[in-house]
Amino acid sequence: MSAWSVFAQVLEVLVALVLAPLLTGWVNQWRALLRNRRPPSVLQPYRLLHKLFVKDSVIAEHASPLFRMAPYVVFGCVTLACGVIPTLSTDLPMSVAADVIALVGLLALARVFIALAAMDVGTAFGTLGARREMLIGFLAEPALLMVLFSVSLISQTTSLATMVHTVTHRALAVYPGLPFAGVAFVMVSLAENARVPVDNPTTHLELTMIHEALILEYSGRHLALMEWAASLKLFAYSCIGLVLFFPWGVAPGPAPGALALALVALVAKLAVGGVALAVFESLSAKMRIFRVPEFLATAFLLAVIGLLVHTLTAA
Amino acid sequence: MLAGPGSWLALDGVLLVIALWLLVGLVGVAALRRFRFVARVLFPIGGGLGLALAALALAAAFGRPQVAVLAIGLPGLPFHLRLDALSAWFLLVIGVASSGVSVFAAGYFRRGEGTPPGLLCLQYHVFLAAMAGVLIADDAYAFMVVWETMALSSFFLVTANHRIPEIRRAGYLYLLIAHIGAIGILMCFGVLQAGTGDYTFANMRAQHLSTGWASVAFGLAVFGFGAKAGLVPLHVWLPEAHPAAPSPVSALMSGVMLKTAVYGLLRVLFDLLDAPQWWWGALLLALGLASALMGVVYAAVQVEMKRLLAWSSIENIGLIVAGIGLATVFAAFRMQTLAALALTASLFHVATHALFKSLLFLSTGSVLHATSERNLGKLGGLIRSMPWVAWITLIGVLASAGLPPFGGFVSEWLLLQSFLFTTGLPHEVLNMLIPIVAALIALVAALAGYVMVKFFGVIFLGQPREEKLAHARDASRWERAGMLWLAIGSIALGLFPVQVIEVIDPVTRGLIGTGLGEAAARSGWLLAPTSVARASYAPLVFLLGGALGCGLAWVLVRRLYHGRVRRAPPWDCGYPWQTARMQDTAEGLGQPIRQIFEPLFRLERELPSPFDAQPRYRVVVQDPIWHAVYRPIGALVARVASLVGLLQQGRIAVYLMYSFVTLLALLVWVSR
Amino acid sequence: MAGFAFQLINVLGALLLLLAFAMISQRRILSLIHLYTLQGLALVVATTLVGHETGQPHLYLSALLTFALKVLLIPALLHRLIDRLDVRWDTETLINIPTTMLIGIGLVIFAFNLALPVAQLSASIARSSLGIALACVLLSFLMMIARAKAVPQVIGFLSMENGLFYAATAATYGMPMVVELGIALDVLIGVLILGVFMFQIREKFESLDIRHLETLKED
Amino acid sequence: MDVEILWFVLGLPLAGSLALALVGHRHVAMDVNVGFSVATFVAACVLTVQTVTGGPRLALGGAFWIDPLNAFLVTLTAFVGATTAIFSRPYMRVERDHGKMTAPRLRLYHSMYQLFGFTMLLALTTNNMGILWVAMEAATLTTVLLVSVYRTAASLEAAWKYFILCGVGIAQALFGTVLLYMAAERVVGPGGGSLLWTNLEAVKSQLDPRIVTIAFAFLFIGYGTKVGLVPVHNWLPDAHAEGPTPVSAVLSGLLLNVALYAILRCKVLTDAALDSHLAGQLMMGFGLLSVVAAAFLLTRQKDAKRMFAYSSVEHMGLMTFAFGLGGPIANYAGLLHMTVHSLIKSAIFFSVGHAAQKAGTQIMEEIRGLVHVSPMVGWGLMLGALAILGMPPFGVFASEFLIITSAMRQQPWATPFLLVALGVAFASVFGRVQPMVFGDTSLKRLGHRPAAIPVYVHLGLGLMLGLWVPPYLDAWYRQAARMIGG
């Protein structure tokens, strides 16, 4: 691994940290526009984070150390995840440290800690949120794995970098399994990032909220970290989707020019993706919590079908 | 076959450890009621012996197989002993796990709990010795003797508190199924010896059975060892027996004893039988998945902590067996490398499960002693009153949920890897099925996370659901030490998978002919079973990255901003009248699972109507298999018995008639 | 001459069989005892004849023994028994008599067929004797099954012993002396014990009806 | 030399019965009983040592024949007789104190006990198939008296059934013997020699198959009734349940074995004469039937002694099956099973006897928590039950191991039945013994000291045979197994 690849790694993490809130802001802005509202500034999330960091953090008197520890763990995990995904370059020191399975495990670790932290204070909403989060988790996680597997079967590998590499540097071929995987992935990432049909990131309506219920007891810097982690997660998922299904532009090696190009391509793709997400969210309505399992089960099945279709055509 | 004098040491050492364990037990009987001596001296000694066993096993793992013959047994069939890589691996697991459990037990057992301490000490150490004996037995008779001794000693341990009828019933069910399974194993050996009358495993290895007989032997082995391992549908004893036993015993049974069954299955399947059939593997795969799914789903809806863990043991055994099944399929198609991969995953999981499950059972034991509550609905918030137990348990919980960078994740990672590479199978149906299997494995893994969050969250987090929990005392020094040891173990397994796989390598070499050893060695700290380009996982880098992320975040936040914290009542959307009763109960946390997997359950619901004066909600989840399989069998036996009972109906004339008719029939038959 | 003796032996055998049938059909205990005595007598004669024909002295001894035991001693015992227990009345049967007779005939046919091949190569004088003996045994067995009272059962048991003796005598020139003595001893003691038993049963159950002895069973 | 010793082996119990007929009601009687039994055991040991060194031989002018097969049974019989006598000391004391045993009954009991021992030893050692029959019949007579010794309605009924059924059965055996004699006489020639085992053994291959077939049918049914094979077992549970416990112990421990021994002798002749496997098939069929039927009958029992009586039926069936299987391994297993079953089963009856005396009933629901009442009795019963159910490392498991594994390849069809039967038997017996031994109890601690030595000596030996068969015993088994052949 050369100094450049280390640089690429660091750059990538920093880009993720910086771009993540921006992506959130961008999506929110478009949502507002699509609803004929005056949109908040794209930079609103940064302001929010700053405000929260400045404020004292107020926590329940009987909260355990785990409660205070959780935001850092979650933040760390998600950052690491962003570092693993080859958004700019496929030649990253971290990419060998974790393949897709490890990536999913990493996100699961973050989820478990959020849930535990939510249960720690012992309020009705906290436990409720934790239960719902884990419910979504155990349905979304296998679906995500299946999606990744169907791609990894194409490239005969589970290491993201190699996947991207093969998908980019192969004569354009049509894989009938991929569309299923793509749809499934979209559904999963909607659920995982608490987007509309599953959860509403802006709601505080007790009966429907999931993500908000989890972080209800947090305030100040802890809340800031949680929110930042949330937007990082959204960023990560978007990147996974992009590198898996639209991997063009990702730099094969850590050459500075290529990196710059990749960065531009990434921003462009994210912008488009954000708009698409906003459109989708505005068009669809929030579903009842009891419908969510069916929604995710559908995603799971789609992913499995994709896998089957692939094996069928491969065999 | 006969090993050189140099390599004799390990096997002799193992024998010595076994003998010393027995000795410790006898000393315990001698000091029948001297509680302090038994607890504080004998049990730690037993733990030390466990460590010694682990060391010996590690030494023997890479050596040639060692054999020995004891002067006891049947005439012409003395006890043959053999220590090869497979035995060594399981011995290692037993040694490490049991040492932790023994140290814990030193602080656990209290006065006046059923059986006198000395007797308990005897049964406990005989149990340990028998488990070690199972792993080195090299002929059918020796194997059966130690096998049943293991069952018997564990039965007495389970019913240590035999004044409670439920516990007696649980023990009875356990021993019954164990015994019937043992007869199955016995018949399996009967087939394997191929009528030669020579019951040594060496002879069985030499025999080449016809496919039919081999399949019979395989079926009997699956039946016998499955009954011990708790494979669905032979699992019914497990959720009864494990909660009934004292916690260290449950830890040993769940963590270690179930593994001896896995060992037996491997021994018969890959060592004694030659040329496995692919459908054997398919069968194992199906059984394993059924157990895994059923186990985890039932664990999710349990409201009693040890029962929850027992069901999760069924799940883990299911995963292990599924891995073995996959390995069998590969072996049947001569895809040795992949077989080695799958087998390595199973063996790795054997170790991780042994450690974290023992740890979790021990922590339930501490909770039980501190609160005398086993019902999740009455626990909560213990992380404040018993921080030691809570934080150590958290490690076990994360490992059990299969989260990186802990031990559980590595085995799941390997297992999924091996599933991913199955598309090359020369068998279309399997190629179709395997992805679905992989999906189910992923589902099970995710559900395990759910279960563990429920387990930890309900016991240790939130507010205490009962007043008395507030002043629960933390575990004693001995208990902490034991649990800490196991926790360290499961962390180490997670961080140094490559080194562990190098120990497993000789095992797979011995059984399948190839291993992941040099691949692992090549990639150094990086776990890459086949090639780095294909799949890799580096827990240490991983951990460093994560720690770096957390640490930097922590430091920077304090540098750039501040570290001020204000304490206040919980916010909870501004609702001030929070009580502990408003938290989700165990049932509540199980509700989504109950809803989604309804067909798998046999539910007894009692829902209140809106007009009830005192509305009462009750839901009982029962095992459908108990009703679908075991009840009918019992009824059938009863009916047959009542029919046979007609023979004995007291009238002498009828009795004379019997012998008269028998005589005539016999005369007709012989003079035909 | 010899041939005549053989026929005589066979006739005696037939007589034995006839008596067995008579026992089956007989209701009154007293006459059952008489029939038993007659059977014993026939046995004695047969034994002496065989002894005379084959010139085996120990058969005379055996005949003497049989006479003492089965013509004098046991009948006397039985007589005293029924006097003391006062059970002279008719004994009812579990299976009605005609049926029993029919079954009996079937048994005889079966026994003869069974014994036929063996009798062919029997070196002994009386070829058919084995079949007859077997038939006697089976018939007494049948009688034991069919009778509901204790005493007839015992008599059935004893007449079965007779059949066996006849087999031993006619088919093979009598068992070795020591065995015969042992058997005789056993029979005698057996009868004594049975007698004692009957008194005890009587005093426990106020009757000798064995249908009282049906409490030990699977319920 | 050997002459004297055999005199002692047979004479001691006979003398004992006469002596006890005189003093049996006295207080010393129990000790006298023990004395004679132990002396007999010592004599038997000497006899067997001579047999081991000298090999099989005739004794007392050809009237008796000692070979490995019966020599080891002689020792076993004498041993169990002795230990049972030791057990019956405290047991009968309690019975007398409870007033269940009056002085005349005690006298009868003791004298008959010795006489029974004599008949057993006679049946084993005699060289004459006729005397064998006589001895078996005599054994029936003595045990009938022993069973009925309490004079209760139930015991009378049991004894009556026992007498009639076994009497009839044994009569069949006599007919078989006559046929055998007839067959043999044609080869050996007239004269008394034709019933001597030694002669039969010599000419067994020339015996006429047709006669021998029928003879074996009669002998099998006859002696099989005493072995307790289903469906002619019906006397067995009653006799075991209603007699005094020491009698149940010797019935299970000795009588059944000796009856099976008789069948084995006949089987040897039949196999040689027919050179077909007919006898073996018969024995396997009836053995298996007994195992299965007994196992299912076990599930319905309420009375402890009755239950273990059925378990005896089951185990005799297993032995019969093993001997029917034939071959060195199965025969070896059968002999081993014979030994261990006698030891363990009598030990169980000892424990049950004490337990029943303590609880004042044999009904199992009313016996609870024996470990609290008397750990000796409780653990004795628990270990005995586990041993008889085939739990290693007790010897029963060793023999079952050999039987099942060899059956698995020779007669696979039989093994599922065995699996089911053993499973059902385990479920029913253990399910009843566990609450008897463990759990809470209403009873007070045992008043008198139980006879722990016999129980634990038997269990110890059973354990030893599971882990280590002494070489000379092993050699013995091997010779005997070879003689049985098949």
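Here are some notes:
So that you can tell them apart, the chains are marked A, B, C and D in the order they are listed, and the count of residues begins at 1 in each.
One rule holds in what follows: contacts are C-beta pairs under 8 Å (C-beta built on N, C-alpha and C of every residue); 3 or more make two chains touch, one makes a residue touch a chain.
Because the structure is predicted, anything quoted here is derived from the model rather than measured.
Listed by label, the chains touching chain B and chain D alike are C. Note on interfaces A-B and C-D: more C-beta pairs are in contact across A-B. With centres taken as mean CA coordinates, the chain nearest to the overall protein centre is B. Chain A and chain C have Cα centroids separated by 101 Å.
Centre-to-centre, using mean CA coordinates, chain A is 36 Å away from chain B. Chain D has its Cα centroid 79 Å from the Cα centroid of chain A. Each chain gets a centre from the mean of its Cα atoms; for chain C and chain D, those two points are 31 Å apart. Multi-chain contact residues of chain C, defined as those touching 2 or more other chains: 114, 117, 141, 144, 210, 213-216, 218. Shown for chain D are the residues in touch with two or more other chains, namely 160-161, 164, 168, 214, 237, 297, 300. Within chain B, residues 645, 647-648, 652, 656, 663, 667, 671 each touch two or more of the remaining chains.
In terms of inter-chain touching, the protein chains here follow a pattern that is not a line, ring, star or complete graph. Applying the touch definition to every pair of chains gives A-B, B-C, B-D, C-D. Residue ranges of chain B in contact with chain A, taken from their complex: 380-381, 383-384, 394, 398, 401-404, 409, 412-413, 416-417, 420, 423, 428, 431-432, 435-436, 438-439, 442-443, 445-447, 449-450, 452-454, 456-458, 461-463, 526, 532-538, 541-542, 545-551, 553-554, 557, 560-562, 564-573, 575, 578, 580, 582-584, 588-589, 591-592, 595-596. Residues 71-75, 140-141, 144-145, 147-149, 152, 159, 162-163, 165, 168, 171-172, 175-176, 179-180, 183-184, 186-187, 189-191, 193-195, 197, 199, 637-638, 640-642, 644-645, 647-648, 652, 655-656, 658-659, 662-663, 666-667, 669-671 of chain B are the ones that touch chain D when the two sit in their complex. Listed in rising order, the residues of chain C touching chain D in the complex are 56, 114, 117-118, 121-124, 130, 133-134, 137, 141, 144, 150, 153, 157, 160-161, 164, 167-168, 171-173, 175-179, 182-183, 185-186, 189-190, 193-194, 197, 200-201, 204-205, 210, 212-216, 218. Interface of chain B with chain C (complex): residues 645-653, 656-657, 660, 663-664, 667, 671. Contact residues of chain D toward chain B in the complex are 160-161, 164-165, 168-169, 172, 213-214, 216-218, 220-221, 225, 230-232, 234-235, 237, 278, 282, 293, 296-297, 299-300, 329, 386, 389-393, 397-398, 401-402, 404-410, 415, 418-419, 422-424, 426-427, 430-431, 434-435, 438-440, 466-469, 471, 474, 477.
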